[in-house]
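After this come two complexes, each holding chain A, first together with chain B and then together with chain C.
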Partner chain A sequence: MAKQLAFHFDSSACGDCKACQVACQDKNSLPPQMMWRRVFQYGGGNWSPENDIPGLFRASGVFSYSVSTACMHCQDPICLKVCPAEAISKRDDGVVLIDQSKCVGCRYCEWACPYGAPVFDETRGVMTKCTFCEDLLAQGQNPACVDACPVRALAFGELDKLRKQYGNVDAVEPLPSDEYTHPSIVITPNRHSQLSGTGTGTIQNLPEEV
Partner chain B sequence: MSEKNFIKKALTDTVLTRRSFLKWSAALGGTAALAGGLKFGLKAAQAAAQAPDSGQWIPVACWHNCGGRCLNVALVKDGVVVRQKTDDTHPDSPDFHQQRGCARGRSQRHHVFGADRIKYPMKRKNWAPGGGNKELRGVDEWVRISWDEALNDIASELKRIKETYGNKSLFLPQFASSRLLSAYGGATASYGVTSDGSWLQVQSQMASNLYTPNDRLDYRKSKLVVLWASNPIWSSGGSPTYNYLQAKKAGAKFIFVDPFLNDSTQVLADEWIPVRPSTDTALLLGMAYHMIANNLHDQAFLDQYTLGFDAAHMPSGADPKENFKDYVLGTYDNTPKTPEWASEICGTPPDVIRSFAQEIATTKPMVFQSSSSVARISFGQQFCQAFLTVGWMTGNVGIPGGAVTHSYHSGASYGGAPLVTPGGNGLPAVINPLFPGGGAYGGYGFAAPEKPGSYAMAFEEMWDAVLNGEYTAMQGLKSEAKANGKIPCDLRLMYFIRASSGANALNQSAGIPKGIKAFRKVDFVVTSDIVLSTVSKYADIVLPATTPWEQDLGGFLTGNPEMILWYNQVTEPLYEARTGQWIETELAKRLGIDPNTIYPISMEQQAFNSLVGAKVIKEDGSGYEPLVTITTDDIKALGVNGKPQQGRISFQDLKTKGVYQVKRYPGDPYGFISGQAFRNDPVANPLKTASGKLEIHCQALSDKIAAYGLSTVPPVAQYRKPVEGYEDTFADWDKKIKGDYPFQLVTIHYGRRSHSVFDNIGQLRRAFPQELMMNALDAKALGIQSDDTVLVSSRWGKVVRHVYVSDRVVPGVVLLGEGAWAEMDESLGIDKAGATNTLNGTHPTGQGEEPWNSCNVQVVKWTGAPLEYDYKWPHRVPIHDSTDVRSDEWHLEPDIITPLKGA
Partner chain C sequence: MNIREWALIAFTILTQMSVGSLLVLWLAHYYVNRKVGMKEADRLSDYALLSLVVMFGLAMVASLFHLGNPLNAPRAVTHLATSWLSREILGSVIFGFLVLVLGVMQWRKIGSFSLRNVIAWIAIIAGLALVFIESRVYMLPTEPSWNTLATPVTFYTTALLLGSLAMGVAFVANYAYLQKKDPQSSKVQAELVRDSLRGIAVASVVLLGIEFVAIPIYVAYLSVGNAASLTSATLMIGPFGVVFALRLILAFIGAGIFGLFLYQSARSVGEEKTLGYLAYSAFVLVLVAEILGRFLFYATQVRVGI
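Up next is the complex of A and B:
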């Protein structure tokens, strides 16, 4: 493969404002029930009562951080493997796309993807997902989410270059291990970030949010 | 934009669009109706969105009172907006940053072009002059009426009530004036403070102007930044968090003090000091005790620049025993305000109070910064007094990298005078004869309670005034008061005609259930609105208002001091929407008032005047010069009166870019250190306080607050138990036995909305679900899990919400976002939307601040059917008619909200 496009996400700067998520919905004319980019919040900690003063509790290790996720345009995209209609392809630049004209709406890809990236469009009966704003890329522009971020926590580029610049972290809680699909994501961890599989916290979103 | 071309375009658009459009024009009575504005359905927006590759990017207004101010740019195709973006007008850098917007601004097109826009004038089916069946307000059917019928009915009711009961029976809730009513003899008004809490009088009396922060770039010189009760991600959208991040990257440590480990802490906080709501004064006093006991305070600074800290430095005439230090040490009241004393109240462990105090006293330079929210409690002046006092004890005043400051909203992370400003619009000042000192905007921060003739009550007293026929007399009106100190009143008409939307007073002032009763008592309620917000839902006549996206010439918007925004028209007024100016002009004609006396200048000329008068700082910082170059061609094209002028940017460039931003760099001539001249020479540069110094003991403050007649405040910071604070959650304080309402509810700014604006947007409902936030230990004790539906009850009202359980919330505290549109289940008396003011009680104190930050509540698991997720609720569409081509863009079921099934 000549190159692999990837997102860089700086979790140390992300304040969970969801401008990226909404910018994505806006750019792609998605209704509220469809989100191609979602911001997960992860957190935990403890409170324990102190005996000498009634009603007094002490916080220990309370934390939260956020992870903005979309399709990871994986190096080993499992969605592509499971699609019975051969509707999913990976381009030379690594971008994974769904051809809606071939999609039969079986939702296997949604079931298989560890990131929940493919989203079913109920009105058209087909799968959809992040296209890396390939139409904007073709015009020399950035993906909508990247230009939206008020704290400049999102960027994109070639995976190898991003890894050299920002390191090799690609799996923090609540994301799954990278071993399944080798996601094309480079994460600058938050100071509270926990690597996938080592988490002590929980997802801090209500089901309706994500 | 040419209206004719637009119509032509619309008619030659897709078949679907054309059919929709023709339905509209037929319904409006043919082409004659078209002259007043364009009407098309949401299908047009959908059709256009499917091919958004053409079209034109136009800078548009993002005009809300959100605490940010950012560049919003819309991709306009065939008169509808198919996409949005934000600032990309220059390369981005931390010094010269783009003005990037938030999730709310990026949803603006759904707000303007929403299926729930008010399309035409409407009246309540069972309304009749005098009120008709008043009990049906809020539940009645809506009936479409013509503009003529609406205007005639409104004018007739204004006239009837004025002539029968007098001007004082006309009422402006959360408003001080309207141009029309002021010309019509005036109206009873209201005053108070919403955003700023109790800060305004405290900061002006104790500190004069010395409470503002230093310049944005100067934050990077700080070693420590304390952000008290601050969550800029939600409360100051746009750039402030990014600006603070630069200070952090430059080495500053950030400490957050809050009952909630809020989202901004993820970006910034090195340490979190948890504290119970409404008890921050106790925490500050405990810190002061530690500083005094260990001689950590900056005595030399206090001696030279302040008055009232200790007995040796008191203002002349003051009782020496009233000094702050002796209060903290408990010299006269035998209660030393030790960290242990504080901890019992504020819930912060004593060792944490000590280490926090140690750190702020020994780290220089430090920014000691508070938001307003923490001062939104009854008797809230005490917090502001204590915050300034403890800050001043560290000496971080008038120095680079330091500040003792109240900073929030679009000013957060910015200090100093604006570098670029708009000109005035040229309209004469509006003076309400019954509230001459009230100003133009809501009586906000009204500062002259001694002034005679101010027929106005605190926001917190509005509904009681309607229901009980009396309100508290300010000092200037004492001679007209009854023996009980109250002014009698007979309020019969509520007037909510405004520029577009906002001022949703029923939703945005404490005591919604009481407010609904008040709405159902008066003779008449009229609003202009773009959606059926809460005031409009409970009104008799609702008029369709335009948004700034529909305004002819556009205009300026201001926010942070480094830039100014210009917005353009996107479309002709939608449906039958009209501007507030047009509505008041038409009413004036019907009331025998010459419209030229209230609006002598067209809206186009007003916008032009603000262009002509716009100023920008000179490049060397030595003064200001005109901002906009205006040519004779511009003037001709705009059809306004004026002369050409030379400025920094051409009008055409300003329209195209939508922003003028002053380029900043470290060492530029625009820096600002708050209070530097005073610090350098306090004798030559005295403050405008009574003594010229910073007043820790401030008699002027006590006198001023007393003049409002609502409560008193001692001249130095002292802890006084707030109403519905932590203490009131107990049935027996000494034995620590909780009462019927064991939790403290905090009303927070929330990501979904700008106050109550944007509550109707599906994608924001999804992103921000209006969840009740609760500590995990409390939830466990109540058998509650995340996503459960819970019933929250206060002494004043009830709501149901989904609960979010997290360790990020202090035990005993629950939080809920302000501004949800109250959705009352009439049979159960429960608000399903979770408007915080359904729960918040009315407790008028101080200068009329709203005590939103501590309300006692009970939480139980809801045993009825679970609440449907908000984003699946239908739009609040007042009338579904056959010509309505509204989109079902995001909701699944077009039915009305189904009633909750009780347990």
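Up next is the complex of A and C:
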């Protein structure tokens, strides 16, 4: 298999601090409404009333965990396939990039990508997305999100090696099934993690947070 | 909904209406040509063909308003290998070019009728292919409310329904103009307009029937699908329920009730004025209904994932 860079995300370690998200905004000078990396908090369960004591509730199956997401630099990138302007390309190392000088700003990739990775830049009229911090990679450094994580829940590397080390999970709720694009993501699940398609919870973030 | 999304509504409705219009126009032209000859056929359809060129020109202009970076617009045809959107742009350019060629040949009387007939049918086939390509643009695996057979079915019904009624308007408007210019020789035209409108009325009632079968099946299909598809169905009958109902009612009145009146009035001689009012009303009602339908198509779209 050709070289494919990938992120590893350890959901069992993530504490939902969103440092990765903030580091991404900072490194890429993104305004608040443009988010290349987003941390989803997924949770469910309910509270049942205690019969004898009014006003007291007992937790029943309440759970919550977080998933940090960005562009998955997919093995089968649907954004690249649908782009009418050949503005999206996949490098030899598997990184998927948008060339803004070729983009027509039709936002078709936004409709196609199930990870919401392509983000429209209203001021320039073109699409943008996670670049895997290709400029930092070229200098031998880590992507900003990876370095910002205080609990080392984010890492990156060769997809094959990460799979061998951490397993094959690439789709937990609220992520979509991996069938659409074969995302280059390796997830160490949280003890509460539910596989995509089997979810009993909902996204807990406010809409403007993600 | 912002200007970019309204641009898509305008583009898809106008391109589809143009394709349907060309088919209806040429069928009428062909029929009249065989019945009473080329001179009357040209008198019936030459101005209608002009309206069609304007219609398609507006569609192309509207498409530019959808782009965030219109300066790069020519790049949008570079990815024909895998992008249906690229194919749509190329298809639109080809159809537009053929319609323009046909228009110029008709107005300047260049070439024989059989040559123009061939060009017209090539343009019609290109147009029907364009409507198919347009539906494929939306049939993305990650968009369950679009990735159904309902997308091509509704795109074709929009094309034929609006095409029929738009040409109905064009024929009665053309007749009113001819009558003002030369009341004597417009008698033959009156009969031809009545003939054409009878066909248009029948078509609109049949197409309404297809729409009224397809739409409930579509909503039922969405409501048994995955989470995203269920959300689309809920949006359609919940928050957008009023628009959805209005869309169905207007289509029913426009294509159904006015369609029947149109047929009735096109059967009797000397009712050209009534026929005109009916043709205009039916077209406006169905146009609004189809715009609302296309609005819902975009507004109830829910992508899978995050």
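What we mean here is this: the second predicted complex is superposed on the first by the 209 of 210 C-alpha atoms of A that agree within 3 Å, B and C clash if a C-alpha of one lies under 4 Å from a C-alpha of the other, contacts with A are read in each partner's own complex, and residues count from 1 in each chain.
Here is the rule we use: a residue touches a chain if its C-beta (ideal position, glycine included) is under 8 Å from a C-beta of that chain, and two chains touch if they have at least 3 such contacts.
The structure presented is a predicted model; accordingly, all values stated were derived computationally and were not measured.
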Between chain B and chain C, whom does A:Phe120 touch in the aligned arrangement: first, second, both, or neither?
second
In the superposed arrangement, which partner chain does A:Trp36 touch: chain B (first), chain C (second), both, or neither?
neither
Quick one: classify A:Phe132 as touching chain B (first), chain C (second), both or neither.
neither
Please work out whether A:Leu175 is in contact with chain B alone, chain C alone, both, or neither, and reply first, second, both or neither.
second
Between chain B and chain C, the one with more contact residues on chain A is chain B
Figure out whether A:Ala59 sits in contact with chain B (first) or chain C (second), or with both, or with neither.
first
Looking at the overlay, does A:Phe9 come into contact with chain B only (first), chain C only (second), both, or neither?
neither
Contacts from chain C onto chain A in the complex sit at residues 4, 66-70, 72-73, 75-79, 82-86, 89, 137, 140-143, 301, 303-306
Complex interface listing, chain A residues touching chain C:
38, 40, 69, 78, 81-87, 102-108, 111-116, 120-122, 124-127, 174-177, 180, 203, 210
Chain A-facing residues of chain B, complex
49-50, 52-53, 82-86, 88, 92, 100-103, 106-107, 109, 233-234, 237-239, 241-242, 245, 261, 263-267, 272, 274, 340, 343-344, 347, 349-350, 736, 751, 762-769, 771, 775-777, 786-787, 802, 804, 806-808, 810-812, 869-871, 889-890, 892
Chain A to chain B touching residues, read off their complex
12-19, 21-23, 25-27, 29-33, 35, 39, 41, 43-47, 50, 53-59, 62-66, 135, 144, 147-152, 190, 192, 204, 206-209
